[in-house]
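Below: one structure, written as structure tokens.
Letters A, B, C, D, E, F, G and H mark the chains as written, and numbering starts fresh at 1 in each.
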Amino acid sequence: MSGALLDLLRDVAAGALSPEAALERLRHFPTEDIGFARLDHHRSLRQGHPEVVLCSHKTVDQVTSICERLAAAHGTFLCTRVGEEQAQALAARFPALERNAIARTAWLPVEPRPEYVGEVAVVSAGTSDLPVAEEAAVVAGAFGAHVTRVYDVGVAGLHRVLEARADLDRSDVIVVVAGMEGALPSVVGGLVRAPVIAVPTSVGYGASFGGIAALLAMLNSCAEGVTVVNIDNGFGAAAAAARILAARLTREG
Amino acid sequence: MSGALLDLLRDVAAGALSPEAALERLRHFPTEDIGFARLDHHRSLRQGHPEVVLCSHKTVDQVTSICERLAAAHGTFLCTRVGEEQAQALAARFPALERNAIARTAWLPVEPRPEYVGEVAVVSAGTSDLPVAEEAAVVAGAFGAHVTRVYDVGVAGLHRVLEARADLDRSDVIVVVAGMEGALPSVVGGLVRAPVIAVPTSVGYGASFGGIAALLAMLNSCAEGVTVVNIDNGFGAAAAAARILAARLTREG
Amino acid sequence: MSGALLDLLRDVAAGALSPEAALERLRHFPTEDIGFARLDHHRSLRQGHPEVVLCSHKTVDQVTSICERLAAAHGTFLCTRVGEEQAQALAARFPALERNAIARTAWLPVEPRPEYVGEVAVVSAGTSDLPVAEEAAVVAGAFGAHVTRVYDVGVAGLHRVLEARADLDRSDVIVVVAGMEGALPSVVGGLVRAPVIAVPTSVGYGASFGGIAALLAMLNSCAEGVTVVNIDNGFGAAAAAARILAARLTREG
Amino acid sequence: MSGALLDLLRDVAAGALSPEAALERLRHFPTEDIGFARLDHHRSLRQGHPEVVLCSHKTVDQVTSICERLAAAHGTFLCTRVGEEQAQALAARFPALERNAIARTAWLPVEPRPEYVGEVAVVSAGTSDLPVAEEAAVVAGAFGAHVTRVYDVGVAGLHRVLEARADLDRSDVIVVVAGMEGALPSVVGGLVRAPVIAVPTSVGYGASFGGIAALLAMLNSCAEGVTVVNIDNGFGAAAAAARILAARLTREG
Amino acid sequence: MSGALLDLLRDVAAGALSPEAALERLRHFPTEDIGFARLDHHRSLRQGHPEVVLCSHKTVDQVTSICERLAAAHGTFLCTRVGEEQAQALAARFPALERNAIARTAWLPVEPRPEYVGEVAVVSAGTSDLPVAEEAAVVAGAFGAHVTRVYDVGVAGLHRVLEARADLDRSDVIVVVAGMEGALPSVVGGLVRAPVIAVPTSVGYGASFGGIAALLAMLNSCAEGVTVVNIDNGFGAAAAAARILAARLTREG
Amino acid sequence: MSGALLDLLRDVAAGALSPEAALERLRHFPTEDIGFARLDHHRSLRQGHPEVVLCSHKTVDQVTSICERLAAAHGTFLCTRVGEEQAQALAARFPALERNAIARTAWLPVEPRPEYVGEVAVVSAGTSDLPVAEEAAVVAGAFGAHVTRVYDVGVAGLHRVLEARADLDRSDVIVVVAGMEGALPSVVGGLVRAPVIAVPTSVGYGASFGGIAALLAMLNSCAEGVTVVNIDNGFGAAAAAARILAARLTREG
Amino acid sequence: MSGALLDLLRDVAAGALSPEAALERLRHFPTEDIGFARLDHHRSLRQGHPEVVLCSHKTVDQVTSICERLAAAHGTFLCTRVGEEQAQALAARFPALERNAIARTAWLPVEPRPEYVGEVAVVSAGTSDLPVAEEAAVVAGAFGAHVTRVYDVGVAGLHRVLEARADLDRSDVIVVVAGMEGALPSVVGGLVRAPVIAVPTSVGYGASFGGIAALLAMLNSCAEGVTVVNIDNGFGAAAAAARILAARLTREG
Amino acid sequence: MSGALLDLLRDVAAGALSPEAALERLRHFPTEDIGFARLDHHRSLRQGHPEVVLCSHKTVDQVTSICERLAAAHGTFLCTRVGEEQAQALAARFPALERNAIARTAWLPVEPRPEYVGEVAVVSAGTSDLPVAEEAAVVAGAFGAHVTRVYDVGVAGLHRVLEARADLDRSDVIVVVAGMEGALPSVVGGLVRAPVIAVPTSVGYGASFGGIAALLAMLNSCAEGVTVVNIDNGFGAAAAAARILAARLTREG
């Protein structure tokens, strides 16, 4: 687009177009062609990673095709909610692919690995929460964080989370994953000073209503300043952590 | 903003700024200053009316102040959900004010009246639906439509709506307002060819759940092509009707 | 149990037990053993049919076994929500079985057929509502009613239900089955004098929420005196119709 | 309207209009003018009462005005959900008015009283359900039923409802009013042969959700053939009972 | 039916029936036989297309049979939510069939193609919304509209929708399809003057609740005059667009 | 009723009625007159307290009248949800009345006080939960328990509940009252061996939905064997505790 | 951990560490290492059983591995929600395994059997509730209770539950399992003095909403002191019963 | 508590208590007395502010008393949701009090003001969202942030938010407040790199359901990494921002 704009400016410079006429034409110029291509450039700059591929609802061919273009352009890609067949196709095509079956992720790491951006702790309440917790952990790692996993520390056995306090204290961001009654973020939020991102999971049955119980509990947390993402959205929690770590780095740099 | 942009263009014309440098500066120019002021201009042009004032949650002073500015700029204003005290203050300030107590509207008509844009029928199921129906009728009238009111024609007495078929047949747009089981838009939608905009009302009790029963019924209408606005949103239905009539006029003109 | 009670009374008659002591013992006597066996007897007397078998969540063997006992005791049985495999097993065992694949019913009619108890019209809005409508029709027939089917008369084409008015007018009870916006019972209730039993169905998608939209519409019907049963509960509507017809017969008899 | 139609027919008879031209004109004749005025006549004939006035959301003047017209036309009227001020205005205007403060009804009885149409039992679970139960009782009485009140027989004290079994057994229709867990209709439905109309009330707190708990319980009743009306809709239950009694009378007459 | 009515009128003309007796007989004449057959005729006239076939919940035989009758009567048919097996049977039977696998539609176009009725833009937020967007696009096309597809322009990348503004500006009606947070119709509604019909999709997970999140967002749009159809109801949006375009044509014609 | 039954038995003893005839008459005897009066007697015996009076929705006169009858019969009464005016009337009438303004209770203690039945701890999360917690504490005390209050120990400050562990360990039953995210019962349930009864409160705002968030959390507690009562139902929790303590005493006695 | 603490204390005793310095170090000592290992010991002591294994969402290998470790440590284990494949693997590995196919449990009983802790009655409304009821019964038995099963006693046939009153009267705790309208706990709660734990089941269809109807009914029970667990949570009810029985034993011991 | 612990340690040092006996006593020592007093100290250290006072549900006396103690201990306090009467009492008592009537806050600033911790932008969609936005702004300011207010930039007029991009780009954390359809956080999240905390408000009517529509939209945001707090929880958003800024400072310091 810059070409069209440059032509216009050159016409002004050459006297072929008066400033007033140029102003009128600029009014009708596709506004977004100026500003938003730049925006996209900013986006990749600030996040250090191309768009993440959500594989659910995509065919094997679609996923492979998207990943090939991402690999060609950036030398890396990251897929979430990868099905078995999708994962096998990607693994066959990209030998360096790193799969995590529990997290349902497939990652082609960029080399050299991204610089260290900070510490993220991923805390989970029960073993059934692992897929969501691992998704958060893998994505946070792919975004450059060092990740500490603190799993199976549900509130019915308080000593477990208390024993992990040293790990929590040294983290820049804490992602807390829990289903059922979703109480763990309140307990963690009361123990630490770091930002706490709560992820409700659909783990449970009956009146858990597919994660609504945990979601509501987290939104009503009595620990001040706990924030929440969508049910089962481990990726979103990691992306929020990346925003926080990126902001921190920016100020330091 | 045009001034700043014009200065830049004049610098280019004068050779004080190269086209390439101008392009670079334009990249950082507040993009929206170019395009969106124009957009706002377009908006008032196409709809023939300034912003409508929703008076709920506003103080008497705020409402009066906003309306004075609107009257000064456009010679007209339209307020919805006007409280008694707000209405009295406006009436004292604007002798030409037209109030509709049932609709809870206050309108300072522009003179001369806006050109005729089409026929709107406002159909309602019961007498308790009148405030919402009247809001739709007043707003549609303020937007230039000729409005026919077809009230109290609930589906438990089918002959009432059937008797009004001539009125329905000559309308360009039909707004159907109903609470309780919200069945009237399905019946009307099956009778007429015109666009039907359904407005659920919060009229009812118990399992009407403040209009949810009517809303769901309208969203699930078996009459094809019925569209729906928010509960009690007579204003929105009239605005949708205005969009349809405006589109029609544009093509004809 | 009567035996134990009779023994006690004989002891009183024989002077072996004083009336006061007998009173004390009766206080601790299993109360229900006296009255409720009689109740059960009344129940079968008044309804003219043994318990109806709901086959969902039952194995083929369980269904067959229950039906054999019912056939032995009463010479008849009626099954609802019958699966294909269950139906085949019953058909192999009972040659006189009458199956209705759409209604998912299996009925071994009693011979001679039960006396005529009244007229039931089953009205449905769309073809997708047929399984529920047919369940109501078959069950009402098995309970002794003469059934008129008035199908596919949704409110978006009013003439269809109006054309069926003669059928509606001669019915003692009208069962109205509808999904989606559930408006049909309101229209029918406004046309007829007979009791109207509304059956919401889970037909629809999106904001029909598995029949909630239709259920709410029916509960909020503007036609006075319409009553409602559970979503997809064709059997329940027929049972309610049978209560009404039985009451009518009792008074006449 | 008959006049206009008669004129047309006379023109045909006089040869002033050909049958074919008359047919064409009839196509455009307001269809409903033929059939539905007759319908309305049928409606008042079959129910023995003019339209019932729902007073909520109406002004004192509106209520008084409507009732005066009803009294003039029919010599009787029946109002539900009557506010204190409305009731006083009606009482001042109509000395023969019968008020029921608990039921919030105001009734000008027709003289002579309507003929006896049958027995209705109104059963309620708790004292807080009385306003709804009384509304049902008063309306059923105004429609010509003899009403037996069986109050305060909640299922936590089973003997209370069992003691009332004689009253239940001699009723043609049973209206069961309950809030909280809404279990009473299931118990009553298992005891009697008559039609059972369940009325959930908004009595309760917390997880009763304004009557939803009772409503859902009644829709899921394990007693076959129980039907349900809207929350707090005592009037609707009485109207349903009137439909059943009217159907019974028709067949007997 | 006209035959029966014509006979009656001829009897009047011939003096075989007095006008008064004819009036009496007309009162009992099936009312709907007069008006509503005409209505049906009007319906096909105004919409230029026979009834659209919703194939879900239908067998292959049912779909084929319906389509054969439609093809025989109208030379065209349109099916939505077509399953693979249904589509293959139709394709084998109708060589001219046009299938759209993503939209799940099967269309036998009428020849010559229907006259051009206007411009419809179908805008969608993400690739997962394509089935619903394509259903809307195919149906609008079959109804005679020229359709412009503007896909994958979610609000998290504003430049994408802004770049499409020229397409939006020249459309008579805009259908906006979005799942997840459903924000796109608000943005589009603020940019354009045309009628905007919002279609929520069930795309999303967790707290999207099968499209409820998007549905609620659209009903609460801050862009005035946006209307909404049921979740995933691409067909309904196209039908609403057709009503608007038809109304426009009528006035112009 | 016993009188009628005794007469019958005396007739049998006197030979005036054969045992067989008596059996027949007993079949028709109001069954519940035998068994359920006894039941009522048992009820008061086992719970050591007359019926508790729920004062909401009752007039001052009704409350006073009921309490006078209870005081006359039992020398004690207990009222919950007592309004200010009701409380003053009771205090004027019963000088020994013990009021608790926070709990909204009014209790006329029986003298001598009921024997000690066990230890109940009432634990609450925040100061806003006090009315519900106090209701539970007062009722449990009136039922004979010694009550320990452990208040303001929400999970965001774990040390507070841990400091109270000695109090928890010596309790026979623990009632845990919490609003907002309702996590406290899970934490307490993991610390103690005693029965834990969770009471959600309507404390909170926004997505607490009047206590639903806390209710769902408690139903999904990861601490095994936690049971739940209705939102704000401090009375119900105390009654459940009384059942447990009574069962314990019975076995010991 | 005790080792580390003991070392510290010995240093104090040896004068190598001043009390003040020891206090400071203790402040930073992992607090939970002191208290919570003890807690865990208490937990197994008081409940007489190791952790119960919830097998849903676990692989066959995970279940087998966990059970082997439990069997090695405790000589017993108890699994709930066991799938067929999991059950077969366990049965092959542990010949003494006791399976209950309806309850979906697998139990390796400890020998000698745990001492008798009390009487639990498990009451259920319908045959479809059996899986949940059996889960409660098996778990209660594994925890040492003697269990009486009172099945198929729904409230529509009151005599059935009344006939079981002797069984109910001799129970220490009563677990009541019901789907549909969930009325049974209210009836049982009114009949007995023992603690009543209500378990809603997901049995039902339509407006039962997967057990919500029953859950709400139980939370609103008019029988005072009934407590509730999650939908289908037979295990939780048994665990609650075990808490009650354990508390009773403790006081007696 | 330290005193008791120090005594114990001194006994060990003095040989009055063996290390082993001390270990045993420490096992029973209130664990939390050691660790959690320290925790509380940490809490105030890291957040630079004492507990914030939520004034709703508190009396004027309670609020005044709490604030006096906070002022004595810390020289500062911050109150949210302050009622008019509470605010006047505080203002009379603390002349330096800073009130914000829209935000409903009352703040006694500490002198000297807390050091600058970072930049927070508070963005709001409409004027009705101001109370929540102002609460966030005042609290963030009290926690040491420099706050930029970007108000009334709803998505229906995109240019408004685009014009504010410079303000957004220089912020460390962005709080986005919106009611109705809640689309603004998605648009902002797509424009900026900083952490975005979304606050749904209860602004709206009908199908906004008190903020549920906005809440769901924000949880389903297509802009990755947006996090959400409770409806109307401006305080919580500011507290989350403070956590992020504190984490940043820690690393930098």
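Operating definition for what follows: contacts are C-beta pairs under 8 Å (C-beta built on N, C-alpha and C of every residue); 3 or more make two chains touch, one makes a residue touch a chain.
Predicted model, so just to flag it, every value in this text is computed and none were measured.
> Can you list every chain that touches chain A and also touches chain H?
Common neighbours, chain A/chain H: B, E, F, G.
> Report the chain pair from A-H, C-D or A-E that duplicates the A-G interface, where duplication means over half of the contact pairs agree by residue number.
Of the listed pairs A-H, C-D or A-E, the one copying the A-G interface is A-E.
> If you average the CA atoms of chain D and of chain E, how many Å lie between those two points?
So the centre of chain D lies 40 Å away from the centre of chain E.
> If I count partner chains per residue in chain D, which residues reach a count of at least 2?
Residues 31-32, 35-36, 39, 157-158, 162, 191, 206-208, 212, 215, 219-220, 224, 230-231 of chain D each touch two or more of the other chains.
> On the basis of the stated criterion, which chains touch which? Give every pair.
Pairs flagged as touching, ordered by label: A-B, A-E, A-F, A-G, A-H, B-C, B-D, B-E, B-H, C-D, C-E, C-F, C-G, D-E, D-F, D-G, E-H, F-G, F-H, G-H.
> For the complex, give me every residue of chain D touching chain E.
Residues of chain D touching chain E: 2, 5-6, 9-10, 12-13, 15, 18-20, 22-23, 26-27, 29, 31-32, 34-36, 38.
> In the complex, go through chain B and note every residue touching chain E.
Per the touch definition, chain B meets chain E at residues 39, 42-43, 46-47, 52, 118, 162, 172-173, 191, 193-197, 215, 219-220, 224-231, 235-244, 246-248, 250-252.
> Contact residues on chain B for chain D in the complex?
The contact residues of chain B facing chain D are 127-128, 157-159, 162-163, 165-166, 203, 205-208.
> Would you tell me which residues of chain E are touching chain H in their complex?
125-126, 154-158, 162, 180-183, 186-187, 189-191, 204, 206-209, 212-214, 216-224
> What residues of chain B sit close enough to touch chain H in their complex?
Spelled out, the residues of chain B in touch with chain H are 30-33, 35-37, 39-40, 56-58, 200, 202, 210-212, 215, 230-233.
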